[in-house]
């Protein structure tokens, strides 16, 4: 069993308009010191997944089923209070928009101190020293001074560093970063990603990076999970997913990775249409309305939900097409296009 | 900061000037448009025995023959420099701020206003304490238990509360609690706080509750909406992700953000109320500024009207200035410049 | 709204940006309007409020046949129902009977049921039309302030502040007290109603002006406005074709919520004795007469309930409408 | 001339405009006490009208009084309310006063400061009053004729004292250059009023005037010490000449009177001065005031205009409460001016149509009903006026109006289908509003369409109904109105409201009677020396006005007064039209 082991996680929201299946049967695992990248468009269920691990869905109307094992403890059935005591201490999270994710009325220091003192019975002075220390470690200059600044007085990158400092303040064993760089400039993105990599090594924690951008996880991740419509469509090592991707959706994501030599809006392999409504998930393969190869499998695309099947050595793909067909398409049609650039 | 305050004070002053001009216009100029002569205006302020000579003399004394600009100028001069009041047997200096002397009673207006202020202030402060505590706590609890029976009950009550005219609730409460059950004193009861605090509170209990009910309903609705919005904010999620207990999440992170905009409203509402809670004071016949305003308008006692309007406007202006300054203290993102 | 005094509560709802922020987002696509409609149709409480509003409008329109069927003419005296010494209704419960459903007024014995039915149109008419006035003034000034910004915005913003600082009820009473008999081609109550509509509408505009200004400010930054600008469109074109259509939803929502406030405002003025001339019945006027006869519960309660139900119905409907346009409320 | 009634409380209008009477005094107090066998402490409806109720000579205690509004002024030279004339006698004394006590005698005047009633000269143009000796102000300085003359002269200044009556301004022969004691302190006013010695006061009139004794009972003759006179501010600290003086005076809130030890009862047979202390609260809620009177927390409702409508429903059905009340008819008429300036009311037949079409019962009910409102009036002069005669030129079955006759009159007027006009009323007076509504209903029966228009009472006569231009340009055809007499004879009641020569541009009280024949009759009546013949002539004036149909009488007012609990020596005084306040004592 991995350090974090998620098994058949389902997160459903009943709404006036019908049942929203945000996450529908998701399984994955992460080891200490390893990094998992979860990739998908907005609405694919990736953020909901991460929040449910921390138990942040509680209080809402979400219905959870499945199992979440963290260091041998099952969290879904665990008491709210117990999960709370783990939050921040054993598992922590970095959010997408550091401006809105930090309380505007408290100084950065106050917020880090608070995070630290929840789990450590220390005086304010000690906590403050720790906060300054953490700020220094995430690369904020003059931490002793900036500790008394408010979030709005920081630049975007600094704020995200502060968020990271806050998340790491209790030395968590599992760190989840939800779109940690989306709100940042490209140059700052790289800095933050470097920082996270360094810190992960230093703390030896398990890291989950959630993003819609394969580029972000390319360098950082050991494993990558591609989500679509609340389901995993491809799961494998970073190498598998980058060099031997087998799902047409992954191909599309690869094709839309930003590169310095391309206009950001220009897409090589455009994914036509928009993500599926989670209320009315298309029957059969959820991706079929957008899949250029859907007709190849005839009626099965619209009537039968494809299984997540192992293609080789832990590389899982959810597609009706046969392994050979997918590999053929990748080798002959997709890879050459991606490489021409 | 200082420049900001100075700028705001100048703005506030300009606003009061505009308000005084408009008020002056309504009471001094509009009647003239409607065809009132100086004599006709003066004859409101004489006894029934008045001869044309008397009316003429009074019109002269009240300055109705002067051009409107001069009349307004004299009024403004009185406020800043004080005025001379000829009471027949001599001349009295009415020190600044002199809002003039009542056309009806001959009493200086300013002491009258100061005299009535405690009544309205007492009414406002008591009601405000009740409505803030009740409104905010109900709003927070409703937001936290959204969809519960409590939520639906209180929000239903709150909606009813904002839909009830205060003169109606006031009358009903008087009929039931004062004249019916005899639990509370009848309308018009007022004791000065310094004279007897217990009686002061007892006399004001019903007006407080009635007025507070109306505002509490509004505040509960606003607090609930604000709390729901705040509790959906990213930083609340962050607070939870830190492992903070829910109570602290709500109190330290949620309430703090929710209450800040409520504070603004409170400042304005309170400022408006001190300026005269006309309907409440009319319903309970409390001798406050609101009742004073109504009496002044009914008797067309222009100096009184001008005085009460300006004082009321001043409270709003000052309240909004204080609120803005407080806001800067409470919300570090706000910079005064 | 409250701006003035304690007419209807707090200045609070004069800051509805937060309330409507959602609606602002919802206005981008026609489909969201449709979604709002679908939501509204599912909101039973709001529909009930809307139903009562429709019913009240029907009562106001068909007051004559309703009164003919269930009551006596609203101005008709029935002093045979009155004790000549105490001036109170002879019958018990304020003279309530099959003949006089809600009893009779003291002194003159007029049928309270008929007077309440006949009073509906004044409340509704003034509530509606005063809102129209507020919406027109508020929209024009709000759009100008938000669209042009700069000193124009400053001036209009100050103007709104001035209005909020006015003891409005005092002004309304003072103005209503000096309304002449004839003018603008109207006379008597026609002129009075017109003036009341104008006064109430004129004093309520800043609340709606603020929202419109805020919405315009954010719309101005939107792509389609930029696009239109870059295509060389005139200000007028942009305002009328790009900005205003997108303001319709928040204006509609807020106008609906302003109507009950204005109804309360009118009732307050009538209560204070500066409303419509007698003998035309109004609910606020009935309440102000009831003050003298506070010992007669029926005389106090029925007009009060009429105001309450009307205002509540509008509030329920307005709340539902706002929720329907505001995805976050769900 | 006209005395103001209390604008005060929402409801009641009725106040006695009658001249104040004199107080009950030592002598008179004993007299009613002795003769009041009919009174006694036996509570009964109207017990204080026929006799003195609960007679007593016990001194001491505190009299608790309250007012739903406020005085115009406490200054004797600047007040014109009936209750003020009545109550003021606690702290002022005038040359004469109404005879205290119940019954018709209350309409007569007796000496107060003066040793006897005034002595007119042969030509009736000079009146001389001799002051008693031993009179003192509250500070112990003697009251001399000079102080009275000064008081009269200071009241001349209507710029400083705009509220008070101006009888003496008009009657006396003031020097041309006299503008008041403040503006022209050096002008000798002895051509109008002079103190020939310390105890002799002489009035010089412009023309003969017979009712001087009635005029000098008004508070303009209350002495004012010149060195204590502070003009318009004197109201804050009035120097007492009566049995009580001010202890505290918070204008607009409350004041307290305590015994004036410089007042010598030997000089004052009219005032028993029973209570030790009198406390007055101002601006008390009118309904609440009634409740407190009922409960006994307050003993005296100062305006004396009767109870509020809400209290009627409580008091009248309850025999115990009703037994504590008195229901006098007061010399006041509530009426409607039918204004001949406004077509088609310029035609007398159209005015008669209004008279016939009116529903008098509905009007009476609107005005408060038979108890609190008054008796249905059929002509102008109310019954308490000396020599009054009742007659009815526009009779109808049950007083509900005669529709047939009204239609005949309309036809004669050339308006067979009726016409439209506007009726003015004071919007802050619910009774006038109810009256207007009743008229609207009644006149609609004959096709006369009334538009109702309310105006603020404070500017009703100055800007609206009493403003000739406004009435003409706005087509005001009817106007609600009310009048009370300053003294109970035809002149005192009628002159101000029916003499067309009093009409000015604005501030009129005669809104509708513009008939030269009426004016001629007024002159005849004024000149008639024989009292009985004079009374007859005033009845003629009344008849002429009714023939002219320019006044539509509504009710001769009655007020429902409640005797406060614990009060002694209560009597309704006709001169005051309310309880005689200076007689009162407490148990």
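Observations
Should a chain be cited, it is by its letter among A, B, C and D, assigned in written order, with residues numbered from 1 in that chain.
As a convention for this text, a contact is a pair of C-beta atoms (placed from the backbone, for glycine too) under 8 Å apart; a residue touches a chain by one contact, two chains touch by 3 or more.
These numbers come from a predicted model, not from an experiment.
The most central chain, judged by the distance from its Cα centroid to the centroid of all protein Cα atoms shown, is B. The most distant chain from chain C, with centres taken as the mean of CA atoms, is A.
For the pair chain B and chain D, the distance between mean C-alpha positions equals 39 Å.
Centre to centre, using the average C-alpha position, chain B and chain C are separated by 22 Å. Between the CA-based centres of chain A and chain D the separation comes to 92 Å, rounded to the whole angstrom. Measuring from the averaged C-alpha position of chain C to that of chain D gives a distance of 46 Å.
Looking at chain A, no residue sits in touch with two or more other chains. In chain C, the residues that touch at least two other chains are 177, 291, 294-295. Shared interface positions of chain D, defined as residues touching 2 or more other chains, are 287, 428, 456. Listed in rising order, the residues of chain B touching chain A in the complex are 233-235, 237-246, 253, 256-257, 260, 330-333. Remark: chain B residues 31, 35-37, 39-55, 57-58, 60-61, 86-90, 92, 104-107, 112, 115, 179, 186-189, 285, 287, 298-300 touch chain D in the complex. Taken in their complex, chain A has these residues touching chain B: 51, 54, 56, 59, 84-89, 92-93, 95-97, 100-105, 107, 111, 114-115, 118-119, 150, 152, 163, 166-167. Across the complex, chain C is touched by residues 10-11, 287, 308-310, 312-314, 316-317, 359, 361-362, 364-366, 368-372, 422, 427-428, 430, 433-434, 436-438, 440-441, 451-454, 456, 474 of chain D. The part of chain C that touches chain B in the complex is made up of residues 2-13, 15, 18-19, 158, 161-162, 164-167, 169-171, 173-175, 177-178, 180, 260, 264, 267-268, 271-272, 284, 287, 290-291, 294-295, 297, 300-301, 304, 307-308, 311-312, 315-316, 319, 328-329.
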